[in-house]
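The chains carry the letters A, B, C and D, assigned in the order they are written, with residues numbered from 1 in each.
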Amino acid sequence: MKFSHTQDQLDLRDAARDYLRGSCTSEALRTLVENNETSLGNWQELAELGLLGYLAAEEQGGLAMSVDGFVLLAEEAGYVALPEPLLEVAGIALPVLSALKTDATNTLVENICAGGQRLMVSHPLNPNLNQLDVADSVLLLQDDGAYLMSATECDLRPADSIDPLRNIQSIKAHPVEKHQLVGKDKVATLDELARQHGALITAAELLGLSAGMINMATEYAKERKQFGNPIGSYQAVKHHLSNAFVALEFARPVIYRAASAVSQNEATAALSVSHAKIAAIDVATLAAETAIQIHGGMGYTFEVDLHLWMKRVWAISGLWGDRNYHAQRVDQALFADSLATGPATTFS
Amino acid sequence: MKFSHTQDQLDLRDAARDYLRGSCTSEALRTLVENNETSLGNWQELAELGLLGYLAAEEQGGLAMSVDGFVLLAEEAGYVALPEPLLEVAGIALPVLSALKTDATNTLVENICAGGQRLMVSHPLNPNLNQLDVADSVLLLQDDGAYLMSATECDLRPADSIDPLRNIQSIKAHPVEKHQLVGKDKVATLDELARQHGALITAAELLGLSAGMINMATEYAKERKQFGNPIGSYQAVKHHLSNAFVALEFARPVIYRAASAVSQNEATAALSVSHAKIAAIDVATLAAETAIQIHGGMGYTFEVDLHLWMKRVWAISGLWGDRNYHAQRVDQALFADSLATGPATTFS
Amino acid sequence: MQLQYTTQQEAFRQEVRSWLDAHVPKQPLPSLDTAEGFELHRDWERTLKSGEWGMITWPEDYGGRGCDLIEWLIFEEEYYRADAPLRVSQNGIFLLGPTLMEFGSPEQKQRFLPPMAAGDEIWAQSWSEPNAGSDMAAIRSKATRITEDGQDYYVLNGQKTWSSRAVFADWAFGIFRTDPESSRHHGLSFILYPLDLEGITIRPIRQLDGDPGFAEIFYDDVKVPVENRLGDEGQGWGIAMATAGFERGLMLRSPARFQRTAQKLIDLYKRSESSLSPRVRESVMQAYLNAEAYCFNTYYTASRLIDGGKIGAEASCNKIFWSELDRRMHRTAMSIMGAYAELSEHDPNAIDAGSWLDGYMFSLAGPIYAGSNEIQRNIIAERCLGLPR
Amino acid sequence: MQLQYTTQQEAFRQEVRSWLDAHVPKQPLPSLDTAEGFELHRDWERTLKSGEWGMITWPEDYGGRGCDLIEWLIFEEEYYRADAPLRVSQNGIFLLGPTLMEFGSPEQKQRFLPPMAAGDEIWAQSWSEPNAGSDMAAIRSKATRITEDGQDYYVLNGQKTWSSRAVFADWAFGIFRTDPESSRHHGLSFILYPLDLEGITIRPIRQLDGDPGFAEIFYDDVKVPVENRLGDEGQGWGIAMATAGFERGLMLRSPARFQRTAQKLIDLYKRSESSLSPRVRESVMQAYLNAEAYCFNTYYTASRLIDGGKIGAEASCNKIFWSELDRRMHRTAMSIMGAYAELSEHDPNAIDAGSWLDGYMFSLAGPIYAGSNEIQRNIIAERCLGLPR
């Protein structure tokens, strides 16, 4: 029993953090928004850092790390509001594809790790996806099977997100037999893998966004003066921020616990993931509302960075199952199934 | 359209307020608790003030005032945590009995107004009643009819309330035909009358208790010093109390609106009463938790008065339908029935 | 207590309803924070004026209808029921109008009120300054008195911010420091000025939704005749406080607005009830109950005002209640929409035309503007409860 | 990350479970705030000691078992799972014990720790003073140093309050002002003293439930040998802060306690599910999730501590989280019980023997004692977020 990350995981997290905070700055994001762009053009650098291949096996060109470490990267991506679809490709699509272990998929995995190909998962839970238009291929999870298609074969319809850094599309695809990877009988496993990774990684990204917003609001509260003092010296401001901080501190281990359950394929992984997604949505909603309140009128403008983080929260909270979806899964387990609760049941 | 009380109602409220605050002091209540007593012995004075006969017709010896004024008295009774069953007798039992208008009941009503008889209503919603043991007679509302029995004919079992000023009993009674006032066909009207008055008056009492607790906590915050200043000068304390105060200000008109609906026998009176009871329970729960937090450790003791008010809140919140009961009635109206909502539907 | 409308009030309601049914645009107007939308909203003000529905609570002398507060509430109920456009004249109707009536000279009333009521002159407010925020007394913008060719002027210099409507409006009002030696709330004067004066630069501020709902105003030796001062020199703070009182008070946020939102939320809920969690059901019910409570409270306050009562720090209670209610209702709607919540009004698949997302963003400003809720809680604690400063 | 127990840890759990199954009293003990209950709880401490389960995290030298934090968590899970009695030795195990180990002299450790572990000496804390409250540094009680017959003593004078266990306990610890010229947190010393010394008067304070859970202690020239001082003279504040850190920190409120409450709440809910509102269903689910989250967080913190990390202001986060969780769970239970919520433990019809009402009252103290949550939020803002004082 050891509820902490390995040194390897922490080292790679630190490297990713240094890189992301250095390159995905708020100035860089603002420039993108002003130019109506959504990409920093740093995909190759993400590959070189090993972030794309984090979850792939060594023989597939990856780092063979596990998803309980990947959530640390997702937090960092959220903290800087990274616009690239790093998490979608490396955290969700790749582990689903890797599970197939055919020659063809292994080659694709290798390509993804190297940054040569981008794969996205299309799933009924998500009506729209970010940057599908620059994906090379799409992994379609449908009731009747899993299909792999090139993005150009799909019918993409542009959608409009409140988040100016999300370039989203809805997809209509009509896969035929040649696209099929697995059939009806085996798609359920892939589907569950995608749902778990999708919700978990999104939860971790929300956690990072929350930390970013709390940090921004704290810095603002130290600098901004009213009635002659920094607003951060007033109890009302302190207590708002403390409440958000406490919520964040207690959401984080929930996400880590779910990540461990997913990486170990525990029987209750789905429940753990639902808990993680609920906790992440709640803390991110609170952090966003707290941060804008602390920023006062400034938070209501395009002039401060906060709005980009808030909008990302609103945009991704509903991905891979919204709060209702996950609450219903917990509800079912708690009130209808015979879930064991109480002391000594948590890790058993 | 005039959402305010008449001068008569306000004058009588003021008289009741003066009397109650002068006689039902916290010193008097503490003496009762120390002596294990639950009555101030002022029933006759309550009668003389006209409080007992407030709702009875003039020819019945009453003041012929309406229940939208009586809630003001209930607030005052709550504000001082009056231990006498004034509200149960004059606000609930009396209007139910008055509705019958037979010679026998008219005589009893007259007696009640004069303070010579105490009548209590026994209803399935309430497992226990306060001071049944000193009631003269009991009005039993059962599915098969309404019955009037003398208290000595009933089987009373003492129960134990957390509120040391509530002397509660449960009742078992076996009424026979001679006790029957009305039969199965007519009991529904009386039953609804009792439910509405019961929940409404209890809500108003909770409102008064809330005001009393907020006042106590405010006074404490002005006097008590920490870190060299009155604790009431700290923003955290101010904001706790302000939140409770806002909740109180917005609960009050909800109770008044329900009182008017009951007095006018409006079609939506039951819904209004349920709203009132919900609002009152919520504000009282918040006010109690706020008040004890402001009092710090002192609030956790028998030494300050607060505990008597808090315990009264916990004791009566569930009377005449708990929060679940009333929430289910609103739920039904809102989601299953075709309740009209939106602007221009409120008073139509 | 008499909670039924009189026959006359019912007739008034029918009159409003018929008129609105005939005149409210069938399609929602574009946002009033766009150039096109602003002019369309101005047209709507003129249409309202054509039916004498522009400023119904104003005296008839100034282009109003002399309605009492109950009639105003009825009007608002019908207005929101009809989904009629936002009022681009709001700064005039509810803020400057009542202030002018209380503090203005007869000439000022005649000069400013009728074109305000007619929609011919739309007003911006200009309270805040970059380093003031909730601390409204930290005003630095100056109005220096000079005489030129026998005429007295104030010369404005400095900067305002968070000026709503300023990008497209005609006139603005605000307080300026006329006594350079003064500090805090002393030595300020309340000044009215056209926004096209020489020396005024307006820089739009893009708000969350990308539209310029606010602006910064820069003053570089802007000359305003002294006649444009409202009240006495140096009395600006007291007048501004009265104006802010109107803002926080009864009339800024009519209950109908929140009842309409609650009604739409119930509808949104019912459309996907089976997939929603108990938390959402509870929130929707509470939204309905609280919107009703807000309505009761407003009628209760209005009745006291009609009886000659005054509205005081209760206005701060109102502000807290409606702003939290509004935020909670929109937050609930966001959680109902799930993965569709991110779709903007420009996306044809957006639920209810993206109005919930837009409303959520707007609701986040509720606890901030017109005196942040933290400031309101201080006011309540000090003025209603008597706690020490 | 390794979230499975080792075989050794599983075996330890089995050992605890078997022992508790065999020894936990079948009937709940009377409240430890009554004379009878206190002695029965002391007996239970001795029973625990008989199995060497009294102070399992202590070193074996002092009567402990040398368990690590994960074993402690396992023990606590089994302890609450078995509904074993409250620990009347809590002030000793979790507060004074660790403080003595860190700051005590070898003689003090030998003198005080073994009888503490054996349940032979039960400790009261005596931190607060009547005008101190959350302002712990406002200490006025004095310890004046004298020499008598060649022996050095402190003479205690003054008053303490909110002293838990003091009514029935044997010993107490607290801080006293040894430097009469000093103020605030300077010049204080940490002193241990038996409660039966001449000059000590103990006045029980009745708490909400009527039992004397606290006491005031009056000191009238109470003579204590200087050897009873812990640490150096004048260093009392630092030691007290360390003690208070233990109190707010990891070990005061083990997750098992809240998981047990959540489990019972789910059970209470299921017993009358059909008559309950969506709000209650949502609250029950959230109680379960938050109790789990508290458990995760504790294992996460324990793992870092085992790796050599330190617990800092996170202890304040813990305090806020568990105290709010506990209050919310009991509030929810009260709302489930409706008209039965008022029945005290003395009423045979009380649901779950009145434990919810009792627990609700206790939970209301949670956000107050051991440093009010308002103080904790200040600490978090200043120490975790770096906001200015």
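Criterion: a contact is a pair of C-beta atoms (placed from the backbone, for glycine too) under 8 Å apart; a residue touches a chain by one contact, two chains touch by 3 or more.
All values derive from a computational prediction rather than experimental measurement.
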Farthest chain (mean CA position) relative to chain A: B
Pair exhibiting more inter-chain C-beta contacts, A-D or B-D: A-D
Separation of chain B from chain D, taking each centre as the mean of its C-alpha atoms, in whole Å: 39
Chain C-chain D separation of Cα centroids, rounded to whole Å: 53
Multi-chain contact sites of chain B, meaning residues that touch two or more partners: 234-237, 239, 327, 331
Residues of chain C touching at least two other chains: 277-279, 281, 285, 374, 377
In the complex with chain B, residue positions of chain C that touch it: 1-6, 9, 13, 70, 74, 76-78, 80-81, 255-256, 259-260, 262-263, 266, 269-270, 273, 281, 284-285, 288-290, 292-297, 299-300, 302-304, 306-307, 314, 317, 320-321, 374, 376-378, 380-382, 384-389
Chain C to chain D touching residues, read off their complex: 277-279, 281-282, 285
Touching residues (chain side chain B, partner chain D) in the complex: 125-128, 159-163, 166, 168, 170, 224-227, 234, 236-237, 285, 289, 292-293, 296-297, 299-303, 307, 310-311, 314-319, 322-325, 327-328, 331
Residues of chain C defined as touching chain A within the complex: 128, 131-135, 138, 161-162, 205-208, 210, 214, 275-280, 327, 331, 334-344, 346-347, 349-350, 357, 360-361, 364-365, 367-369, 372-374, 377
Complex contact set, residues of chain A against chain D: 1-6, 68, 214, 218, 221-222, 229-230, 232-233, 235, 237-239, 241-243, 245-246, 249-254, 256-257, 259-261, 263-264, 275, 278-279, 327, 330-331, 334-335, 341-348
